[in-house]
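Multiple structures follow.
Each of the next two complexes has chain A plus one more chain, namely chain B in the first and chain C in the second.
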Partner chain A sequence: MNKILFFAHLKDEVGEENIRIDVAGRTVAEVKELLAAEYNLQKLDSAMTAINEEFASNENVIEAGDEVAFIPPVSGG
Partner chain B sequence: MYERYSRQMLFAPIGKNGQEKLRAKHVLMIGAGALGSSNGEILTRAGVGKLTIVDRDYVEASNLQRQQLYTEEDVLQKLPKAVAAERRLRAINSDVELCAVVGDATPEMLDELVKGVDLILDATDNFETRMALNDIAHKYQIPWIYGACVGSFGMSFTIIPGKTPCLNCLLKSLPVQGMTCDTVGIIAPTVQMVVAHQTAEALKILVEDWEALRHSFVSFDLWRNQYSSMKMSRAKDESCLSCGSERTYPYLSRENLMKSEVLCGRDTVQIRPSKEGEVDLNELAAHLSSIHYEVKGNPYLLSIEMEANRIVIFKDGRALIHGTKDLAQARSIYQRLLG
Partner chain C sequence: MNFEIAKEPINIQAVIDKVVQRNAGAITTFIGTVRELTKGKKTLYLIYEAYESMAVKKLEQIGDEIKERWPGAEVAITHRVGRLDITDVAVVIAVSTPHRADAYEANRHAIERIKEIVPIWKKEHWEDGEEWIGDQLEKVAYPTGKPEEKDLYE
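And then the complex of A and B:
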């Protein structure tokens, strides 16, 4: 099982701060695609991903028990 | 002369030695909005040697809630932000050499301005300028500090060329249509929290306490009570075109830049975004209407009425900004709406 955390507007769009789902063995890109479809998330593909609080790229594979966070980059200033 | 800095010098990691280092340093700050106001004030009070401020906008009433250097008088006079910031900062600390540049931070301008600069502070409001700034920083090996915020959400990361990953390693490409302060709003505490992270890192760099730098990417949401610190050791991409071994500095080249031109004989500027991509007009229209912009449209375009301008946005991201011949102003309006 994996815990998935959502930051900023992603949290509002999903309606939860975190969800639990089993995505072990899948790549970050695959999980983004899955969640984008499930929750109708427009800009998940440009969000940065952390696995266990460490930066992860789209090719990284998620393991059982990993905590995955999606952090959308923002541009305001 | 050092009396005014006595409390800062009492802070052991800075000391008199650090204060002298700070006084010998030149910081280039891109943007004088909310992040720029607050970053500029902290560094000026801290006694940095020289601060160069670049901004293309003028002060408006909607800035006053968070852009702490500006006053109602600046709004009445429609002063350029760089000029108003310089005046206020000079009144705060006449010891600091201040240089105001009114204009768009294009790659050409950045190339001129970075000479002799020890640190670049990011206080811009768009990714296009940040990516250009990232390339320039790597071309000349100058540290820079990314900071950004929207709503109650903010983030910061310190980029040291040759040591840390760069912004292009993290984003891989220019994000399309981000959220901006003009579309989803911003509260002042978010600005201050981003600036607290940026200026603490800036002081460490300026007094050369490299060991003390924070290596993580910080992001937080002050309203939803979230805080995250992401380790970045795996983020450096050796094939990155901005900082890798075969770098080309893609965001300094003309084809990757937003194109803007004054349309002949009309009080209108045309903007073409650097990245081709469909804009979801329905989503944009629904959002802008919900925050009280007057929006009209059809399946091909949206027309948005603003105080002095009318903006027409086409599906491919191209836009016409009516009511101005000023390229910098038009680009500013575009990026405020579309990020």
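And then the complex of A and C:
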């Protein structure tokens, strides 16, 4: 099972801060595609992804228990 | 705890005190505040949100970058989250170094990097609406799904 975290506009669009689904064995790109379709997310492509709090690329494969966060362009400071 | 996400107003002096060291000849402090007008549009207030655990790690990474590039530097950063009104302090960065030029440069590096790699977002609230702000650096979206290597470890 994996915990998926959403922030900023993605959180608003999904309507949840996080969800739990099993995406072990899938790439980040595949999970983005799956969630974009499920929640009708237009801008998921432009989001960065973090696996276990470290930036990951679209080719990274998610393992069981990984925490996956989608990170829209940041605007701190 | 030199790198923190704060839910309450930031004690600026407390951030500065963290970088006091006997070998320092300078401490620079950057204080980021909430601006009322952006391109003529009037902000009423902001909401800042963070992926807190990762944000702290990324602030620590910025500290490590600075220590590597400017030997002898000490760094402390606190970023606030929650609702902030106009003139409120959103972020405080303190850097101490043996010589003043380094303290200015390293401090500038910290704020620019915050805007690249630290998972913090602000939602602007105007009289006629609200919006999550992203991509303030007006860079392209990340085509590979993450910042490029050069962005991460410049």
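Here, the second predicted complex is superposed on the first by the 73 of 77 C-alpha atoms of A that agree within 3 Å, B and C clash if a C-alpha of one lies under 4 Å from a C-alpha of the other, contacts with A are read in each partner's own complex, and residues count from 1 in each chain.
The criterion applied here is as follows: contacts are C-beta pairs under 8 Å (C-beta built on N, C-alpha and C of every residue); 3 or more make two chains touch, one makes a residue touch a chain.
All values derive from a computational prediction rather than experimental measurement.
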Should A:Gly76 be classified as contacting the first partner (chain B), the second (chain C), both, or neither? both
Pick one for A:Gln42: touches chain B only (first), chain C only (second), both, or neither. first
Now for A:Val28: first (chain B), second (chain C), both, or neither, which partner does it touch? second
First, second, both or neither for A:Asn18, with chain B first and chain C second: neither
Common interface residues of chain A with chain B and chain C? 5, 7-9, 46, 48, 50, 53-57, 69, 71-77
For the complex, give me every residue of chain A touching chain B. 5, 7-9, 11, 17, 42-43, 46, 48, 50, 53-57, 69, 71-77
Can you list the residues on chain A that touch chain C in the complex? 5, 7-9, 12, 28-29, 32, 45-50, 53-58, 69, 71-77
Per the contact definition, I'd like the list of chain C residues that touch chain A in the complex. 32, 48-51, 53-55, 57, 79, 90-91, 111, 114-123, 132-136, 139, 141-142, 144-147, 152
Touching residues (chain side chain B, partner chain A) in the complex: 31, 33-36, 122-127, 130, 147-151, 153-155, 165, 170-171, 175-181, 184, 186, 217, 219, 221, 224, 226, 228-235, 237, 280, 283, 339
